[in-house]
Structure formats: C-alpha cells, structure tokens
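First the structure, then my questions, so here it is.
Labels A, B, C, D, E, F, G, H, I, J, K and L are assigned to the chains in the order they are written; within every chain, residues are numbered from 1.
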Amino acid sequence: MNTIYILNGPNLNLLGTREPEIYGKTTLADIEQMCQDFGASRALAIQFLQTNHEGQLVDWIQEAAQKAQGLLINPAAYSHTSLAVRDALSACQIPVVEVHLSNIHRREPFRHLSYVSQVATGIICGFGADGYLLGLQALLCLLGNERGPRRS
Amino acid sequence: MNTIYILNGPNLNLLGTREPEIYGKTTLADIEQMCQDFGASRALAIQFLQTNHEGQLVDWIQEAAQKAQGLLINPAAYSHTSLAVRDALSACQIPVVEVHLSNIHRREPFRHLSYVSQVATGIICGFGADGYLLGLQALLCLLGNERGPRRS
Amino acid sequence: MNTIYILNGPNLNLLGTREPEIYGKTTLADIEQMCQDFGASRALAIQFLQTNHEGQLVDWIQEAAQKAQGLLINPAAYSHTSLAVRDALSACQIPVVEVHLSNIHRREPFRHLSYVSQVATGIICGFGADGYLLGLQALLCLLGNERGPRRS
Amino acid sequence: MNTIYILNGPNLNLLGTREPEIYGKTTLADIEQMCQDFGASRALAIQFLQTNHEGQLVDWIQEAAQKAQGLLINPAAYSHTSLAVRDALSACQIPVVEVHLSNIHRREPFRHLSYVSQVATGIICGFGADGYLLGLQALLCLLGNERGPRRS
Amino acid sequence: MNTIYILNGPNLNLLGTREPEIYGKTTLADIEQMCQDFGASRALAIQFLQTNHEGQLVDWIQEAAQKAQGLLINPAAYSHTSLAVRDALSACQIPVVEVHLSNIHRREPFRHLSYVSQVATGIICGFGADGYLLGLQALLCLLGNERGPRRS
Amino acid sequence: MNTIYILNGPNLNLLGTREPEIYGKTTLADIEQMCQDFGASRALAIQFLQTNHEGQLVDWIQEAAQKAQGLLINPAAYSHTSLAVRDALSACQIPVVEVHLSNIHRREPFRHLSYVSQVATGIICGFGADGYLLGLQALLCLLGNERGPRRS
Amino acid sequence: MNTIYILNGPNLNLLGTREPEIYGKTTLADIEQMCQDFGASRALAIQFLQTNHEGQLVDWIQEAAQKAQGLLINPAAYSHTSLAVRDALSACQIPVVEVHLSNIHRREPFRHLSYVSQVATGIICGFGADGYLLGLQALLCLLGNERGPRRS
Amino acid sequence: MNTIYILNGPNLNLLGTREPEIYGKTTLADIEQMCQDFGASRALAIQFLQTNHEGQLVDWIQEAAQKAQGLLINPAAYSHTSLAVRDALSACQIPVVEVHLSNIHRREPFRHLSYVSQVATGIICGFGADGYLLGLQALLCLLGNERGPRRS
Amino acid sequence: MNTIYILNGPNLNLLGTREPEIYGKTTLADIEQMCQDFGASRALAIQFLQTNHEGQLVDWIQEAAQKAQGLLINPAAYSHTSLAVRDALSACQIPVVEVHLSNIHRREPFRHLSYVSQVATGIICGFGADGYLLGLQALLCLLGNERGPRRS
Amino acid sequence: MNTIYILNGPNLNLLGTREPEIYGKTTLADIEQMCQDFGASRALAIQFLQTNHEGQLVDWIQEAAQKAQGLLINPAAYSHTSLAVRDALSACQIPVVEVHLSNIHRREPFRHLSYVSQVATGIICGFGADGYLLGLQALLCLLGNERGPRRS
Amino acid sequence: MNTIYILNGPNLNLLGTREPEIYGKTTLADIEQMCQDFGASRALAIQFLQTNHEGQLVDWIQEAAQKAQGLLINPAAYSHTSLAVRDALSACQIPVVEVHLSNIHRREPFRHLSYVSQVATGIICGFGADGYLLGLQALLCLLGNERGPRRS
Amino acid sequence: MNTIYILNGPNLNLLGTREPEIYGKTTLADIEQMCQDFGASRALAIQFLQTNHEGQLVDWIQEAAQKAQGLLINPAAYSHTSLAVRDALSACQIPVVEVHLSNIHRREPFRHLSYVSQVATGIICGFGADGYLLGLQALLCLLGNERGPRRS
C-alpha cells in the first residue's frame, strides 16, 4: 500500500469559509474527504496536512521524502516566494505533483512564476477541487500502478 | 454524447519516431488510440488532429467552438508565440484544457510563458502521454459529467 | 480607377457572430458591404479578403503590391507577432493603412506593440467598423484624389 | 449644433514656419482653416487652441468636458510625459480623438508610448494635416451623426 | 500660530463634481472647509490652494518654504512625473506630508512610483478626504505640538 | 466596543534597545502603551502582538479577521517578500491599515515595493511611533466612528 | 550522392524584383542557379524551395530530415519569431547551416535574436548571395567530404 | 553683435539663498552678473531668464530661435522629464549648449538621462557657476568668432 | 573565552544523508564536530544550530547578538529570499561571516543574489565543509585574536 | 597580390593544447598552416597573429587598415566586451570578416552579443577551424576576385 | 607652474587621417599643438599622451596622480567599458576633466553610459577639438587660478 | 613543494599608499610578505604578481596553469568586465580562489557581478588582507594537503 502526502500551504485553511460567493463552499475538509475516498478506492494511504508556516512545509516535505511514495502539494503563496520549499522538493526522490485550485496564469503577474514548478514532476492547475483527484490519479500513473484515469 | 476536439501543434507528428531514446517510443498514433479508448469508455466522440500550421490550428479551434463541447489542446511551440491561437481560444465558450507532455517550466526560458495558459480553463503538464487522459478526465469534470477520476 | 486591397487577419471572420453583446452585431460581411458601397461612391475597386494564416497574408500583401494602388490591413493578432507580415508590407511601395477595431492601447500589454505600425503609412484604431471607412478615406488622401473627408 | 474642441500641444505653433523642406508648408493656421471649413459644412462649432503649457491643456480639457460634445487633441510631446493630461481626459465623458501628424511608431522609442492613447476613444496618426479632418469625421461617427466618411 | 500650506495638484478641482457615483460627493471646497475647521481648532493658519500647472506648484512650494511651518501636498498626477516638484520639496526645510485620496498602490503601475515620496517626511494614502486631517495631525506631531491624535 | 489587532513583524522587538542613537529610545513596549492609552480614550480594545515568524503573522491575521473590527499592521521586512501575508490580508473583510515607522521610499530599492500595500485599505509611513496613533485614528474613520482626528 | 535541402523563408521570392537599387538585381532564381551549378560540380543533389508559410517550412524541415544529408536554411523573418521552426530543426539529426543575405546584427534590434541560431550547426551572414555557396561549402566540410573551400 | 539667450529652469532661482553650506553662496543674480560681464567683454548681448514653468521654457526657446544667435540652457529638473523642451530645442537652428552646475552622473539615477543632451550641440557639467562662462566661450567657438578660450 | 553562533538554514539537515554520490557523505553532524574541534583548539565556545524556519533564524540571530562575539551563518535558501534575516543581521553589532558550501555563482541565477551578503562582514563560498573552518578562522581575525590562518 | 591580416584574440593560443578531448587537437599553428596553404593557392599574403591584449588587437587592426586589403578576425572574448576593438574596426575601410570556432549563440548568454558583429561585413561561426578557410573565401568574394567557393 | 596630463584613449591616434570628410582634418598632433600653445600662455606644463591599451591608461593615470596638478582625459571607447580606468581616476586626488569630441548622447546607446563620468569632476562633450581648450580652462578654474574663460 | 601564483589586478599597486585613512596602511608589499611567510611555513612557493593590464593577467593565468598547482587571484576591476580573464581561468585545470579585500556586494551595483566567480572554485571576500591568507589556506584544502585551518 502506497502512502501519499498531501500538503497545503498558507491560507488554504480558509477555503470555503470566507467569501463563499466567490470561492465556492467547498472547504479544505471537503477536499480531504474527497481525497481520502479516492485513496480508499485505490489502496492509497493519504496523509493530509495544512500549515501557514514555510518552515513547516519544509519539515513535512523532508518527512514525506522518507515515509511516502508520492507527494501532492498546493503550496499557495509559497509557490512564488519560497526557495526553501523548492530546495526541499528538489531533494525528494519521489514524484511530486503541484496543484493549484485556480489557473495562476490568469491572475496577478507575481503569481505566474512558481519556483515549485521548476522542480515538480508535473503540474495541474485551474480545475478547482477536482485538481486534487486529478493529481492523485497522476501520481498513480507516475508510480506505475495505472495508466491515466481508469477507462472502465 | 459529447464531442471533444483534441488538437496537436507543430512537430508533434514526429513523436516517438525520432530520438526514441530521449522521448520514448509512444507515437502520436498511440496517444490517439489511448484517447479513443478513453472516449469510448465515457461516451465521448473524439476528433483527434495535428498540424504544423498556426492558421490551421486557428481554423480548427473555430470549428471546435461550433461543433464540440470541449477542447483539449497541446499547442507545442505555438503556445509561446501565437496570439492568433490565443485569440481563437479566447473566443471559445467551451472549456479548454491545455496539455504539455513535458514540464515546460523545467525547459528553456522562452517556453515558460504560454499565451494559451492565459485563456485556458486549466493546464496539465509534465505527465507525458498520460496528460491527455488526465485532460480528458478534467474535461469530464468541467462538463459536469463526473467529479474527478472515477473512484471505483 | 484605383484598386484597394482590404486584408483581414485571424479570427476576424468570427466578428458579430460570437458574443454579440460584447462585440456588437456587425459581421465582417457587413463591413465588406460598407466598404464596397464606399468604394462604389468613390470609383474604388475593393478586394476584400480574410485569412487565419500568416503566410496567406504575406502572399496577399505581395499580390496587392503588384495589383493595387492602396492597401488597408487589419492584421489582428499578427500585428504583434509577425515580422513576416511586417517585411512584406515594408517591401510595398503603395500606401498602407493599418486599422484596428478596438483601441489596442487600452488592452493587454502584449497588444501595445504592433510591428505593422512600424512600416504602415498611418494608423487608425478604436473606431469600430467605422475605422475601415476612415481608412479608405485616408487612402484617398494619400493617393491625392481628395483632401480629408469631403466637406460638402 | 455640436461644439468640438481641438487642442494642440507644445511646439505645434511652429508648424510650417520652420524647416518647411522637412515638415511641409502647412501652418497651424492652415489646419485651423481646414477644420473650420469642415465644421461649417457639418454644423460643428470648432474651438481651435494651441499652447506650450501642460497645465493650460488640462484647463482646456476640463473646459471642453463642460462645454463641448467632442474633443480632438494633438498632445504632441505631452502625449508621452503627461499623466495630468491623461487624468483630465480620463475624467471627460465626451468622446476623445487623439491625432498625430506623423506616425509616432516610426520615430524615437520614447514616442512609442502615449499615455493619452490609454484613455482616448480612438487614435489617428501618420496622415499629416488630413488627420485632423479624419479625426473630426471620426467624432461625427462617435456622436452618431454619421456613419464613416460620406459615401456620396 | 503656525501656518500650513495645503497644495493640490492637477484635476483635483474636479473632485465631487464629476462622476459622484464613483468618487463620492465630497468637493475640494468641502475638504478645504474640513481643513479650515481643524486648523481653527488647533491654532493653525491654513493656506489652501489648487492648480493644474506644474510650475505653479513649484512656485507655491518655494513660497511655503519661506512663509509656512509645514506643507501638506496632494500632487496628484505630478507625483509620478515631476522632478521639478520633487526638487522644490527637497529644498524645503519644513516638514512635508504627502497625501493621496486613493491607495495609489492599488491603481495602474505608473502610479506606484511617486517622486514626491522620495523627499516627503511621511506619506498618508487611501483614506479619502480624511487623509487631509490625518496629514494635518501628522504635521502637528512633526512640529512637536502634539503627540499623535489627541487621546482625550 | 471595537477590537483592533495591532500586528508587528520581524525585528520590531529590537526597537529602542539597539542603536538608540540611530533609532531613538522608544521601545515596542512604549508604542504598545501609547496605543493602549489611545484605545482606552476611544473605547477600543487593543490586541498588540509581535513575531519574527511569517506563518505566525498569517495565523494572527486570520484570527483578527474573525475577532476584530479593524487591523493595524507593521509587517516590517515581510512587507516586501510575503505573498502569504498579502493573501491573508486580502481575505480579510475588515479595514486594514499598513504602518511603517520610516519612509520606506527613502530607503533601499527593495523596500519600495510592499505587497501589503496592494491589499491594505490605506498606508501611513514615515512618522515614527506617531504613525501607530495616526493609524488607529484612521481606523476609527474607516469604522465610521469619527471623521478625522478630533477637532476639539 | 548527397542531397541538400535549401529552404527559403517569407518574402525571399521578392528578391531582385523590387527596389533593385537597394537589394541588387540578383533574383532567387539566380541564387538557385548558382546553387545548382555548385551542386553539380560537387555531386550534390539540391532541392531548392521557398515559402511564405511558417507551417510549410516546418513540413519541409521534417521532410529534409528524412530525405537529405544536409540542410541550408535562410529563415528570413521566421528566424526571429518561430519556435516551431526552431523545434523542427532541433529534431533534425543532419547538419543545419543558417544563412542570411544581410548582416542581421547591423539591422533593427528585433533581428538580432535568431531562434534558429540556437539550434543551427553554424551560421553565415552578411555576404549576400555568396553566402549560399559558402553555406554549401560549409555543409561539405560538415559532411566530411572536404576540408574548407578547395585550395586548388 | 550677437545675442545669446541664457535660460534657467525650475528651482534655480533658489540658488545661493538656501543651504549655502551645501550649494555655496553664489546666487543666480551673481551668475547673471558674471555672464553679463563676459558678454560685455566679447560684444555679446545676454538675455538671462529663469522660470519654474515648462511651458515658459518652451516659449522662450522658440523666441530665442527667432531673436538670438546662440542658446545656453540649464534645464534643471526638466532635463530629465520634458520632451516638450527637447522638441523645442530640436526645432532650433542655432547652436545650443546645455549646462549643469553639478555633475549629474554622480547624482540619482533618474538624473543620468537628459533628453536635452540628445539635441544639444554640446554639454558642460560639473563646474559650478564657471560652467556658464565655459558655455558662453563654447558658443563663441561654435559661432566661429573664436577658437577655444583666448590663449593670450 | 569567545562564543560563536553557527546557524544553518533550511534543508541543511539533509546534508550527507541524501544523494551522497552528489553531495558527498559529510553530514551536518560531521561539520559540527569539525567546528567543535576547531573551537576547542582556539578557546571558542561553539553554539551550532539548524532550522528550516525563517522566523527561527531571526530569533537566533537576535539571541546571538546578545550572547556571542561572532556569528557564522549558512542561510541556504533564505540567503536569496529573506529580508527578515537580512534585517536581523543588519542590527547585529558583532562580526558576521556568510558561508556557502557550493559556489552559488555557478548555480541557478536566482542564487546569485544574496541579501545576506549585503550586510555580512565577509563571505566564503565554494569550499564545501572546509568553508566552516575558514569562516571560523576569519572570525578569529575579525575579533583580533589572530592574523590569518596560523603560519606555524 | 592581396594581403590579408588574420587576427586572433585572447586564449586562442591555447587551442588544441589544453583539453583536447573537448576542443579537439587542432592547434592555432595548424590553423595558420591551413590558412597559409589556402593563401598560397589563391595568391594571398597572409599575416597571421595572436594576442591576449585588447590594445594590441587595436594596434594591429589599425596596421591592417593601412597595409592589407582584407581582415579576418576571431576576437574571442573581446567580441563581447571591447568597444575599442569595435571602434578600430569601424574605422577600417577594408572588408572585415568575423569568425568564431563555436556557435556563440549556443553558449552562455553573455556571448550572444558581439560588438564586432555590429561593424563586421559578415560573420561565420560554428564551423570550427574550417571557418577560417570559409572566411578567407568570403574575403575573396568581397574583394571581387571570385564568386563563392570555386565551383570547379 | 602647474603640470597637466592630457590622456587620449584608443583610436584617437587615427584622428584626421582617416575619413576627413566625416571627422574633419584636425589631427591629434594639431590638438596637441593647440593645447601646448594654450599651456604656454597660461604657464601650464602639458604632458600629452595617447594609447590603445587600457592598462597603459591606468598606468598613466597613476603617474599623473603623482606628478600633475590636473588631468584631462578623453577615454574614447574605454569610457564605456573600463572599470579599471574608473578606479584609477577614483583614486586620484587631483581634478579630472572628461572630454569627448562628439556629443556621446547623440550616438549609439552603448555610448550613453560613461563610467568615467561617475568619477570625473566635470564633463565637456560635443565641441570637437575646442573641447580640449575648454577643458584646460575648466582645470584652471578648478585649480583656482582663474574664474571662467578670461573676460578681457 | 607546491607552487602558487598570486595575481593582483589593476590599481592594487596603490594599496596603502593612497588615502590610508580609508583603506588602511597595509601595502601590497606587506601583503606579499604575509603570503611569503605563510608559504614558507607550509612549503609553498609563492609567485606574487601585479599588473594594470588585462592581457598581462591572461598571460600569467596561462603561465600559472602550466607551472603552478594553485592560483589565487584578486582581479579587482577586471572581475566585472573581463571575459578574457574568465576564459583564461576557465581553461585552467588547477584550483582557483578569487579574493576581494572588500565585500563587493556592499559596493556599487556594477561590482556585484563577477565573471571570475562563475569559473572560480571558491570565493573569499570582505576580510581585507587576511583574505589572502584564508585563500592560501583554502588552496591547501583543495590540494588535499590539509583540512581547514590548522586546529592545533
């Protein structure tokens, strides 16, 4: 059974609880539930975590590199400012999938550059909460368990 | 039954036939087959096309906007240079998923800016041929038929 | 009797048929009719063409340089990316008027630079379909047939 | 009867009196006469003014916004340096046409950016003195009195 | 009794009289009244002036440096383009407070750089008309008459 | 009774204890006392906090958004580097006042851009410790309790 | 017997027929004749082609990679704008020589960057029509048939 | 007898009266006296003027072009921001000498670019008030009356 | 007896345990041992610390400024992104030596700028673990205990 | 009999003697021999020189301009940094061919700009030692002795 | 008796001997004669030198700092590229006047930045050979012997 | 016995003899003595050289690559401008240590980029004359003779 760490960066704990008319009503807890369900259906152990602290993200990435077979990360604002996160990911030898809820290339210019993209295996952005499940599916492909989304 | 156009940009016809030790042996025909199989399993009619001509891509995007419910595009080099493709996509009212085989953010600087990303609904890159199936799955989500990859 | 080529670049064929609440209901066919009417009133033979292909624009510009006394061009997206169109226009020895429906300086930054402006005789932008008639009038001035719009 | 302000920026008073072998012999007085004639033929009251002072331009733009139905401005050098002129125009609720005698995109790089273009309704440049008449014609279109230059 | 000059730059005379739905109904006369009232309550003689002319601002700044103990300036558009205003302020030996009605850092990029900020003692922006009173209060602090807003 | 959070970023705990000949002798405790006194005089409950940790600032901003009616922040070095702080503030629906002790526009170029300014309601900088009281006064204005500093 | 493709980009078909006082009277047909003569003297089969279409250049480059032992390309304007041409050349495993008639480094700044130079084996520019023969000679060297121009 | 206009830009009227410990005690009146004395010794009629208004400088430059044989200008802050002054000088057919009291290349970066230098005949900077006399001497050379400073 | 703080930034705890074929087998514990041995030989008390948290680094720097006579820091990724670390160091009045294991100028461009270098006393980079001992030696020089490495 | 100077810049004396596995075994002496042989076959007197000194290159270029009919230069590192070499070449009235052994556009960015290219007649790069012979052949064309490489 | 070094940089030895229709017929020897005559009339010992070597300029500047009371330098191309010359001048404690024959601000962009201007006392450019005499006159002013060019 | 070349760039011969109140009284001769002493204590033959000529530095680097086991270089101003020095060092196969007396990152921006740093093994800057001894010690480490400064 493979273990997947899902790491969430700053302010993602606010998801769905603030300005629901804009960001929708899906909370981070909802997303975790979706991921746990998906994991259960695919024999994946999901470790789902959130923090506002850059150093904490680094700590967890190092931990994931030891204990997990795959890493899914939504680094939020740290995507664009944290070389420490980038370096921690760069030292990982497990596949890393970067997920963004929104399409960061349609937002402010300072969100167009992601240091994480420079070291991630692949990137999925713009599909909202579904991006997490697509990311888990992508990890399954990278781990060789499956080829693309199940066809039947 | 939904119709999906899958458009492939310049030089993708060479896939798998040149430098297989670098790019792998998967040909564009193999990718089309994978997509047709996935489409068959999900009741999607797939229109799979490739061209080296920018204007031809524009023509097909306009056609897709009339005839299809979703569009998946791998614009290859035109991602970075074609405002005509960007404008054509921008005029589409169907969901658009941009797919790249490689992680363009790990390549030359001139590949980091994609004009297509500025108008696409979402982006998937770095997962090789599997990116096409993830993109189709994402289109299913966007069309509301499904939520993420099937869980069971 | 003078001949004027009117060349229209990529996606202008969509005019008025898509998102009429935004771009209005005037189609490219309507614009052609306006231009043909104006031409008829001024003894101008109008050759009105549209293409999504950069190379086709270059071909037609070369043809116009042989067969016409004036050229009006709305290069759309190729304004900003095509040195090939610029070079073809630069080799023309007939007057060239560049027309844009919208005021490109109020749009995205990548639309502020027009390579065509560097070689056009003059530029008219921001007046919608009327810009074509103003452009034809400007060509009449440049050809010496008239001085500004008719005063009586 | 509509009133149109025509405002001319710095150094335009020199037109035609200095270096006629380069700039031609048309003086600003000639241009005013052309505009007054055109106005007479179209029932437009023309207020034609020139100043070398940025603040004076701002004063007149504010005045025009109160007293006129349209504004034609050749801001000359202030096009490229004056945010005060830009802000005054931005506060106008009447249509604004920016006119340049020469094609500013074929001149020095510091003339390529016009702050005025960012707030003008439309722009006409490169047609010499005829640009003023084309600009008045464009204002007629914008005011809804006419559609393009008279066809007969 | 201290004298304070309050200088207002281009287009601020339009305040409240144009587009009240956007900028509110407070006029520059209302602001002057607020300032005069505040001055009266604190034994400050207020000289309140507005101009659209850069050179006039320079003249008044030089005058203030001779006659006043403090200077409050809302340079509007000249904030971003006038080194002459900057130099005049730089030569002042009295405290200078720069005030902006709106938060200029949330507006167009060309409004993010203020040459005046480089020489002002302090800056207050984004509080609308209240910014003027906060600025006067700040001047009182700088002049040593008071420490922050009155606590009782 | 309104609650105001006052958040202080990295190294501000050193204030007044190091290099007093340069930065003066006012300590952060002195500033807190000034703020508490002002709060007492205006029926404001003041929560005054300092941290060197970016993530901690994000946590407190989220807390303030829940428990307070206004937020005053001196983000110090994180003004210029932290998109996480910016995003947390951007999600707040209470007024946010950014305060800097020094005039950051007279310091090193990397201090001229504040990400916080892009989302703050207003900014006050360059008035030393008095800036905190001016900021509290500004919050009172924004909360509608008062109009500018008390006039009597 | 080796086959060499010689590909000519947009507007080169105009060579010698327009503005001969500037560009000389040598036509593209003359250059082809020179190349065919040179090829005949060296047992090279020359395939000489011209197009204004970017996509056509890509098609021919792919064809050359299959059928030829060497490729000489004068990409004209596409040198500076086409990543599609660059990618096609990059996939070639035969030697590629880039030729320009003029010295592009003495022309407009936008002609100083050639994407093709980044993937060509070598570059020859500034020698007019003779550059084609020098380029063929260079291909002979690269193919190992000869060392430099014949010495006797 | 030749007439020379000497034009002084914004804030130069403050010279010597403010911060004498920094800028010295030489006033603009002193400089005028030096220039008048020099003029008297060389049969030059000196017209010495100062203004804080950009438009006034433009007016005077136009006047000088009509009435004088040479122009010496210290444009102060307008050197760096005024295209209107640049254009007025550019239209002059008399020699123009730009003078700066200080060495502008040792000051802030925004003072390193002078638009006036792009059209002046020559430049003298960094020699304080003596720069005016050197500039007059240079004008004598340019007018052909003398060769360099008198040798005996 | 002098106390020296040695601070290590993010991911340095991974040293030697991951990818030893690339980074060698020296662990951070090995480096600490080397430093403790050196300290013992020179009567230096060494405080050796590592953290992934930016705020923690700031806390320790403030602590070192109180308790130590010298500071050696390898800020790793925070060198390039942390103004908070820079400000903390800038407030230190003890000598600061910046050490990097690799030559950061031979790595990615975003590692070429170190904010820490702008405030450090001196920098040593590119000598691997030996850089720590050279840094301690440099601190001895700066503290005046010794002149360069011992000569005998 | 024509004389050709062949000038070689810094570090080219190392050619073939250092790192032959990378740069090949051809020495500068070998290249001179090739050039002398070619010269002998074409009645060219070859003056072949190398120096590490920028000033020496300038001296020799001035000498060549007096004594030779053509100049071939491989300026090596000075291509990218020496305006003195550029100016010396610019003053030459004989044809100048710039040669580089490697394709400088595939190397570090600071090698992409060659000041020499801005004044050379033509450029040949990327063909190794053969580039010298191609350059001599190009000079023969420029001198009118021959048309391209000998065809028979 | 004061000694003045006059140093001339690369390619100035060509003056007047090459392209006299462009640069005039004045040779460097003529300029030296003018300077020697001027020196004789003012009791200045002139040391007049020219070199194409950057290092030689540095040597001479160091020598001048020992032996001379003033330094006049026309660094030619080294103005724009030589920090070594800049540093040598910066270490001088005698006045330094930079002279350029042409107005470098009207030439190519890479000539607009002079490192020498950053350390020179003053600059004179655009007056041809007369600039040398004006420079000597300026040195006399700086040395306190005279005030401006002699008035009688 | 190992030989070490110590190369010193332009203006370092002035060390200690000019402006001692700023740069201290240590002369280059003093530094050489320190290095010779250190060399004597470690069985290193030291070749200590200084030049103001870029080409001379290149010559000596080439010589060192032949005759020495290690190279210590203080390139002074050539650090920032000389690609010729960079290329010469790049061709060296012995370890290269770059030393700067001052911390170049605290000086003018044009001193922040060192081309030499891109090819040096390691860098030591900001420790004054002691940097030379630290550099020699570093070379001993790199040559494997010792590990860090001697611990006892």
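By definition in this document, a contact is a pair of C-beta atoms (placed from the backbone, for glycine too) under 8 Å apart; a residue touches a chain by one contact, two chains touch by 3 or more.
The model shown is predicted, which means the values in this text are computed figures rather than measured ones.
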item	value
Co-neighbours of chain E and chain B - touch as defined	none
Geometric centre distance via CA averages, chain L-chain C, whole Å	64
Distance from the mean Cα position of chain F to that of chain B, given in whole angstrom	48
Intercentroid distance (Cα basis), chain I paired with chain F, Å	33
Multi-partner residues of chain C (each touching 2 or more other chains)	53-56, 81
Each pair of chains that touches, named by its two labels	A-B, A-F, A-I, B-C, B-G, C-D, C-G, D-E, D-H, E-F, E-H, F-I, G-J, H-K, I-L, J-K, J-L, K-L
List of chain F residues in touch with chain I within their complex	9-11, 13-14, 18-19, 51-56, 76-78, 80-81, 110-111
Footprint of chain K on chain J - complex, ascending	53-56, 58-59, 62, 65, 81-84, 86-88, 91, 93, 115
Residues on chain I engaged by chain L in the complex (per definition of touch)	34, 37-38, 41-42, 103, 105-106, 112-114, 117-127, 130-134, 136-138, 141-142, 147-152
